[in-house]
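The same subunit A turns up in both complexes below, where it pairs with subunit B and then with subunit C.
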Partner chain A sequence: MDPARRLGPAQIDVLAQLAVATVLLGGIYALISVGLTLIFGIMRVVNFAHGEFLMLGMYLAFWAFVVFTADPYFVVFVAIPLFFVVGLVVYGLVMRGVIHASHNVQIFTTVGLSTVLQNVALVAWSGDFRFVRPWHLSTVLRAGSTIFNLTQVVASLIAVALTLALVAFMKWTHAGRVMRATAQDREAATLMGIDTDRVYRLTFAIGIAAVGAAGVLVAPLYSVYPTAGLQFVLLSYVVVVLGGLGDMLGAMIGSLIVAAVEVAGSYFFGVAWKEIFYFILFILVLVFRPAGLFGQRGAETLGV
Partner chain B sequence: MSALLRARRGAVVVFGLAALTPLVVRDAYFLDSLVLILLWGALSAAWNVAGGYAGQVSIGHASFFGIGAYSAALMVTRFGRGPWLGLLVGVVLSIGAGLIIGVLSNRLKGPYFALSTIAFSQVLLIGVSRWRGFTAGAEGIPVPFRPGFATLGLGHTGWVYMALSVALVCYAVEVYLERSRVGYQLAGVREDEDAAEALGIHTRKLKVGAVALSAALTSICGSLWAQYVGFVDPTYVFSVDLSVRFALNAIIGGMGTALGPFLGSILITSLETYLRATFSNWDARFAGIYLVIYGTALILVVRFVPEGLAGIAARIRMRKAHA
Partner chain C sequence: MPRFVVTLVVAALTVVLGGELATVGGQATSGEYRIGVLEPITGPLAFEGKRHMEGLEIVRDLINERGGVMGKKLVFSVADATDPTVAASEANRLITREGVKIITGTFSSRLCGAASEVAARHDVIYWESSCVDPRFNKRGLKHVYRTEIDATGFGWYNIEFIAKHLAPRLNLKPNQIKIAFLSEDSSYGQGVTESARQRAKAEFGMQEVMLEYYNWQTLNDMTPTILKMKQLNPDVVHHISFSNDGVLFWRQSKEQNFLFKALVHAGATGYGGSDFGKALGNDANGVFALLEPGPGFRLEALRPEGQQIEKAFRDAVQKKTGTYPFGAHQLAGSGLWLLKLVLDRAQSDDPEKFRAAVMSLDLPVGSMINGWGVKFSELGQNANDRVQHYMLQWQNGQLVTVWPEEFTTLRAKWIPLGAWDQRK
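So, the complex of A and B:
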């Protein structure tokens, strides 16, 4: 179900189609990555379990569809508060104790969490590939020479709307300002009377809510299985590093870049090879601009 | 020599028991577990060279394991040569790959280094899965069993001693890193790179060297594993889970200690064998339960006993000495 595979007859304007495909895919990648970059930027923790929350969102969409025949695009509004609570619980149980620990401890805590969640899903729901097939998946939209299906367009629109809402929240609300202040300087924020533990808890819950919602949105477009999160999380690492850690607008631009690489790569070299391009891009960025395309130089050696 | 043995009596007990077991036990199932314990222990010890001693924490060591496994398997099936030559080719390729990763991600720290190693293993996974003509793609390669030492077609007893030899090699490398000048320099780099640099230590060279050495050892184990198990497929040998597993044994046993990875392997591998046997009678997917326990153990250990089993043992010894 790759968007790029739906490139139709040769007469369509290939470039326009590729551009629209990039924007649609980029919108979804942005929502997946924005939670990761938020957690990364404020808590200074790389959440290696991020993809597993996406996978849980996909299963939520699947079961809601099977049991209640609920459309994923309604379920997404249930998913946001639900995953917010999941985020609070996981923060309290797992993350809180390691927030001031060393990198190694943090890396392996979230890696352990990822293993647990993947295998809980495996035990509970088996390793079978599941599919969510709402009616709009077979509805085709035409705009000029480009064609797309409705599911993809709606998923992308909701994803972009949620991402922008989060950006606005960070920019204009008091809580958002407090979170940004903590990201800039933990000690100074504490001295100003900010309760950093509350900030971290809120950050983690928002990040998980965003990726859970993204999981619901992508469920109809990809197959659902216990390790489905892996491909997305690897991609969102690329996005986050490209955009610069904690930089939400950077993450949105990074999403478009990754989507463009993927769309162009699968068009010119075949779908089978598409992932290899963004991993190579990833390694190149890590080597030459590890602080991101727009980030400050040297951020990667500050010990994040 | 006797002082060294006394200081390392834990290792003498562990490896001595492993060496004596095949003389007494004939049960194939038990010997199979022993081979796996030794091989996983050796792999974690190899990871420990980079992750524990040099502080280069990788979650992409499956890259080198896969390179070793595929080199041996392809040498036998595509070129009709012995697996030993494949093992050698794997070592050379892995050192090359280790140097590339080491040089490219030299500036990266902590999570950034871990991420770049994951990306590297994914590139290999995709490459090997898609290059069907040569690697047989995602279907994997069955490695034929031909009896004899040259073809690595050994019986259970033979495999125990083979795995034990590799385990001892990896252990010896670790011990060397604990006692030699290079080892002390590496510890300096791990604890404070800037300070080490200021003291005139070639931090860059040391880190890259440690990753390459660790890669070579991992590759050897990968080649042997391919011959022992008799099947190689890319989604397993290049998986992130496998990379995590190498790290897990070392962390649970005690990162940066020589015997730690083996203690971790004894605990985790026997737990796995036991749970797999217990639950697989119910339903195949219940084998996933051991991974749930595994992940939980990892979270709890790094949080509450970051120094691992070897660290606990050392603490008890200290308390006794003071009492």
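So, the complex of A and C:
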């Protein structure tokens, strides 16, 4: 007897709960993908080390919790400036040298960076699984018979806030306009007197600050270990592609689509199917709408 | 000039080969007996590997205090098997350079296959103390042995526990039990789950209401699965977890107020690891995990010789590490102790004589470390019902031994599991 086939009040409750699960999981994916979208959108660099910066954010939350019993919601305010600086340093040491190189070189470099960071974490903190357990970890909110996990609700709200803030920043500030101009045509931007190197440095630092903060916020939900980033990194690429390769609001919607496919696939077919479904979606989008579901035609080749 | 080069080469070869022959020949005369030990001491498997190594060293010292093996002092040639390729090349080195006739190790299912292939090629005895891959001794390798049961043995014990211990306490006949199978998709998870499914159905007629495998590394949310299970309403959840997946399932089941009567796991991963307790504290209460014996284990339940060695082993581990033995200590330690029993009986490392000694050993449960007994099959596998395993339960931050009851002073609680906030 397949529970999915019966329809009654109980079934409607389940559907409501599945919808909530989708929104909350989508919120986490959006939160994790914001930084990747930004870096990809402006710099046209696929940052394969994205998941490792997430992992570093998770470790920051863990150590802050163990050493200072600091709540992740407090640590996140420390994480943003800290990871901004980390972004500046990594840009100066690594990315700056390859920003004008071919995509292949950039891919090799960021994959290398990813492996280095994983192993640094392994050497420094061992391969043990660690857990962050703030008091609000298992707090749930109820609306009727539908249940919301508080940590996930907060993560989703921050994802929305962060996305809107970045969209506003890009649209209405001078720095944002300069960044968009650089993304649209690097050479023309240079001719207009824009220091593109500075733009890239700023973009990279903002992107890393966003993913660092995301790491801190999701740390209580998942275990912290050196390859924790791998759990999310493939998924973030799917989100970025669905969303239109650099489109911030598109990535938000892309996250919800991935989450919906995952939740519905797990419920109706089984967990093993979820990745099959969303990677089929990923391939279909790349074949039929190479600029992503919400991207403009030609966006995929911008700046190449 | 060329003649000088030739002379030099010959001289160099003589030194190198002569040195090697001396090492090989050294074994028989020095009053020491050397075996090869392959464990991952560095790399991703090192955490468990080092504990296995610790267990081996502790039992080696116990053996030497008790007359060594075949009247000689037991010594190790240790090699670091970080991954399958290194395991194979290091096995080769131990055999050809160090001249060992017996290799023991490697604990991991990722390593034991490659290492034992090499040993078999050289007609060297391979003695595995863990490695739960069911395929391990189904490859027709005559001198490959495993002292621990494999994943299918874990499934066998889990169903034994559910049918004979849980069912009566739930006031159900085994064939009335609705059971949901959930598992991570490694060869271990599948091995345990498939053998449990088979025994549950064929021997006890339990009602399987669900079967799901998942990849723990890409699992971010278990809510959909839990919602599905809630509707199927199983009595028992048989869940083999790897790490975070156990924590995620348990935490989200609590959030969704999913009530079932018992959860049973097997092995030192997921629910069976200390991480689960660390992650959940007292919320972990009630989960069952099939393991080696833990706190509560009754020495008096063993046979006299078993009591003696188990006590010496526990004290030695306590002295060296300050804790109750971990699973890794127990598996490595009991494997090595069993090797001593075989060597003392065979009085030889000749593969044929060794095999005859292995096959003739017939010790009841309770005869050695962990309360194990011995009876090997023709495949070189120690028997399920001799390699006694124990059900442990999370009780207030600790995994304690609760079954079989004759082996423990502690009792299982929360059968059936009550409301989530009342498991204290």
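The rule is simple: the second predicted complex is superposed on the first by the 277 of 304 C-alpha atoms of A that agree within 3 Å, B and C clash if a C-alpha of one lies under 4 Å from a C-alpha of the other, contacts with A are read in each partner's own complex, and residues count from 1 in each chain.
The working rule: a residue touches a chain if its C-beta (ideal position, glycine included) is under 8 Å from a C-beta of that chain, and two chains touch if they have at least 3 such contacts.
From a predicted model like this one, the values you see are computed outputs, not experimental measurements.
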item: First, second, both or neither for A:Asn149, with subunit B first and subunit C second; value: second
item: First, second, both or neither for A:Ala21, with subunit B first and subunit C second; value: second
item: Touched partner set for A:Val239, first subunit B, second subunit C, both or neither; value: neither
item: Touched partner set for A:Val140, first subunit B, second subunit C, both or neither; value: second
item: Which of subunit B and subunit C A:Glu275 touches, first, second, both or neither; value: both
item: Touching partner for A:Val216 - first (subunit B), second (subunit C), both, neither; value: neither
item: Which superposed partner A:Gly127 touches (first subunit B, second subunit C, both, neither); value: both
item: Which of subunit B and subunit C A:Leu230 touches, first, second, both or neither; value: both
item: First (subunit B), second (subunit C), both or neither touched by A:Ser266; value: second
item: Shared subunit A contacts, counted only where both subunit B and subunit C touch the same residue; value: 122, 126-127, 230, 234, 272, 275
item: Subunit B-touching residues of subunit A, taken from the complex the two chains share; value: 46, 48, 94, 97-98, 101, 103-109, 111-116, 118-120, 122-123, 126-127, 230, 234, 237-238, 241, 272-273, 275-276, 279-280, 282-283, 286-287, 290, 300-301, 303-304
item: Subunit C-touching residues of subunit A, taken from the complex the two chains share; value: 3-4, 10, 14, 17-18, 21, 25, 28, 122, 126-129, 131, 133, 137-138, 140, 147, 149, 222-223, 225, 230-232, 234-235, 262-264, 266-267, 270-272, 275
item: Subunit B - residues contacting subunit A, complex; value: 57, 59, 104-105, 107-112, 114-116, 118-120, 122-123, 126-127, 130, 240-241, 244, 247-248, 251, 255, 285-286, 288-289, 291-292, 294-299, 302-303, 306
item: Residues of subunit C defined as touching subunit A within the complex; value: 44, 46-47, 185, 212-215, 217-225, 227-228, 231-232, 243-244, 247-248, 251-252, 254-257, 275, 278-279, 281, 283
